[in-house]
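A quick write-up on the structure given underneath.
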Amino acid sequence: MEHVRGLAFYTKLYRKILVQDLKTKMSYRADFIISTIGMIMTNLSGFVTFLILFRNFPTINGWDYYHMLFLYGFSLVALTPVQCFFDNNWNLRFMVYSGDFIKYCFRPVNVFFYFISEVFDVKGLGQLAFGIGTLVYSWIHIGLPVSFMIILKLIVFLITASLFMIALMNAAAATCFWIKNSGYVMVIMFRFKDFAKYPASIFSGIFKVIFTFVIPIAFVAYYPSLVILDPDNVPLLSLLSPVLGILFFYLSYKFWMLGVRKYDFTGS
Amino acid sequence: MEDYALVMKDVCKDFKVLNRHEGLKGSIQDLFSRDYKTISAVKDVSLNVKRGEIIGYLGPNGAGKSTTIKMMTGVLEPTSGEILVNGKVPYKNRTENCENIGVVFGQRSQLWWSLPLIESFKLLRDIYMVPKNEYNDMIELYKSLVDIEPIINKPVRQMSLGQRTLSDILAAFLHNPAIVFLDEPTIGLDVSMKDKIRSLIKGLNKEKNTTVILTTHDMGDVDALCKRIVIIDKGTKIYDNDIEHLKSYFGSYRTLHMRLADDTWESMLIDEKETDIMDVIMRKQKETKIKDIRLEEISTEEVIKKIYEGDAA
Amino acid sequence: MNPRKLLALTRAGIMESLQFRLGTFVTLFANLIYLVLVYYLWKAIYASSGVDVVNGMTFTDTMIYLILATSLFNFLEMFVVWDMSRSIQSGKIILDLLKPMKFRRYTFWSYSGSHVVSFFLTFLPTFVVVMIITHGAIHMGLNLIWFVIATVFALLINFNIEMLVATVCLYTESTWGINIVKETIVLLLSGASIPIAFFPDKLKTVVEYMPFRGVYDIPLTILLQKNGSDTLEGLLPMFLFQLIWIVILTAAGTLFWNYSVKKITVNGG
């Protein structure tokens, strides 16, 4: 007997795992509180850094305070899915190194799905709230219009941006299949994303290409948000970003799966 | 062909590893070295396993047992050769293959670490799409074979090693797979837990006609479960037949136990073709008083030891 | 304590780090990319401001400061918190506690090897690149020696902070949460994300007294010969500041550890 496992199957399974996971999370209240405090601290410190910067320098590359704040909020929201749904990537390195990773390969489901589904992290939600707050605040101060269309656009392009972020972290995590001790790759990739909140127009030459197409941090906030901020002359790359986002996500997934295939499962 | 649960033909597996040098200077050299060597973990292994068989897959440490199992489960791709599990190539159809196999890897739990066992079972039921009645039947069967009450509501993280292994074995059989791979399932367990696990495996094999491939270093497992054994050493298959056949090979061997004057037992393995047992006893009696004597056929343990040591023809 | 034994740990650490050769090169490469990001950002920031000197820092100063802060950060990065929580969760910590050596000391010397490796493979190359692109803006003299001393002190402060935070792992499994709190506090308040010179005065005064300044700001200030650190009168208070914090943190860390280790519950079996 063979089963076909389609989208409906995976959605249902994910929901069930999620419910179980949340139930156990509730029983570790201290951990939950500490993680939440951690999340708030990171956001606050990011915000303080931002304020200090603007206290010394009123504009950056023609972007004023509120526009920069918009970018900042945008990048925070775009980061939420990676925090909530793909957090297990941080454990990949240890699993691979110790050989425990093998357990994900014995089930008749997609390995990537099975691995990722194991952890859902609620703490990302705090960041979402923070990001939305920032976004709304700057939205009002810039005086952007509010309409159904523009909100829809915002949502589409936020999802786009988060696809790029997920792709970056997936790829960074997957390096551990080739590089033992690659923890640093993820750490630095996570730090690269801090630069997503600045306009990508600061880059020039070859690095502009690199940060757009190789390590696409320009897509984590800058290009997608231009659709909202500057609707009259949206660059082509912004319009293409949803397609590119899906492509990057797909490539990162393939890269991850390639790692699983190449990995030679040390340990008995 | 269709009648076999598992077929392996001339399977080889090589690992490429860096030739490491010794010492601090060596480590710095290694940083830039391209000096690789190949380890042949499995060499030309062929094997046919019938449905419902329990095979003891034996060999000394580093023989290549785990590597073979990884290939059978589709996790590793053989360097050359052919494997068919339930008539399919495992590494090419990993997902389909996984539907029909169960795996337990020694001390690594595959269950959700913080979930109660019963919740893990329910998730597995969904993953394998086990129909409700079959699932319930299986749980009933489990209940008749072992006492699962004390563990069923416990999170895996809070279980002892023995309970965890038991849970993992139960989980491996849950979807009624055609074939189950057990890599050292009794490692680190106490005598009574070993017993429990052996009778569980035996019971499940009998009830469901599940094929079982078992690696172990404990000959008690072999005696309790396997009729046929396969032995590999340094990656090469050196024996594949009934265990009785092997024992008759060493048919002229006896283990002689003697209780001496100070009430200690002394044991020795004697080949009757070469040495006369009475001679040995008489010689010993000249040194010390012998209070008691027992003569036994060679144990599996000793047979295997002789084979590992290279005494097999 | 026998120094031979300690150096053996260092040596083992060096060899272990070198095992992961690809990882070593990737780290170096990633750092260079990070360096590029910092360069472009601050170039844009200074270009938009229209002035050359902000709060006593030129573009070159800021660049050198931030890049070296990052590479100091990598050099000091220990993963103690991660490793500790792993070994607590797996129960492996028992083995470490049984080593015939004080646990804190054992940990410190075990990590020392990886510090040596990352000094040569990440800090030094970054330093050279900075020298090249700034056309030798860093003075090459006695300040280098003072810098090395200050860095060793920084390493001790950092280790103590790490150990303090890692000890908290004995009470909770939320490694991520604890680690991120530590990381953000250290990065912000030590001046690794924005030079302390840019901080508003009130914040600056608070930060002045905190130990974090001793980790990145002091070594870099000394290297760049800012704030009068080119004279002995300027140097001494900085070293003194670091030393006082080393003593305080070591004492606090030891007490906290000894108290906590009695309470641990060990997982696994």
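Here the chain labels run A, B and C in written order, and each chain numbers its own residues starting at 1.
Here, a residue touches a chain if its C-beta (ideal position, glycine included) is under 8 Å from a C-beta of that chain, and two chains touch if they have at least 3 such contacts.
This is a predicted model, so every value here is computed, not measured.
Chain-to-chain contact here is organised exhaustively, every possible pair of chains being in touch.
Each chain gets a centre from the mean of its Cα atoms; the one farthest from the centre of chain B is C. Across every pairing of chains, the maximum count of C-beta contacts belongs to A-C. Centre-to-centre spacing of chain A and chain C amounts to 27 Å, using the average Cα coordinate of each chain.
With each centre defined as the average position of its C-alpha atoms, the distance from chain B to chain C rounds to 48 Å. Rounded to whole angstrom units, the spacing between the C-alpha centres of chain A and chain B is 44.
For chain C, the set of residues that touch two or more other chains comprises 19. Not a single residue in chain A touches at least two other chains. Listing the residues of chain A that touch chain B in their complex gives 1-3, 5, 9, 12-13, 16-17, 20, 24, 99-100, 102-103, 105-110, 118, 261, 264-265, 268. Against chain B, the residues of chain C that register as touching in their complex are 11, 14-15, 18-19, 21, 24, 267, 269. By the touch criterion given at the top, residues 15, 65-66, 70, 73-77, 94-99, 101, 103, 105-106, 108-110, 112, 114-115, 119, 122-123, 126-129, 155, 183-184 of chain B touch chain A in their complex.
On the side of chain C, the complex with chain A involves touching residues 17, 19-20, 22-23, 26-27, 30-31, 33-34, 36-37, 40-41, 43-49, 54-55, 74, 77, 79, 82, 86, 171-174, 176-181, 184-185, 187-188, 193-194, 198-200, 203. Residues 28, 30-32, 34-39, 41-42, 45-46, 48-49, 52-53, 55-62, 87, 90, 94, 123, 175, 178-185, 187-189, 191-192, 195, 198, 202-204, 207, 210-211, 215 of chain A are the ones touching chain C in the complex.
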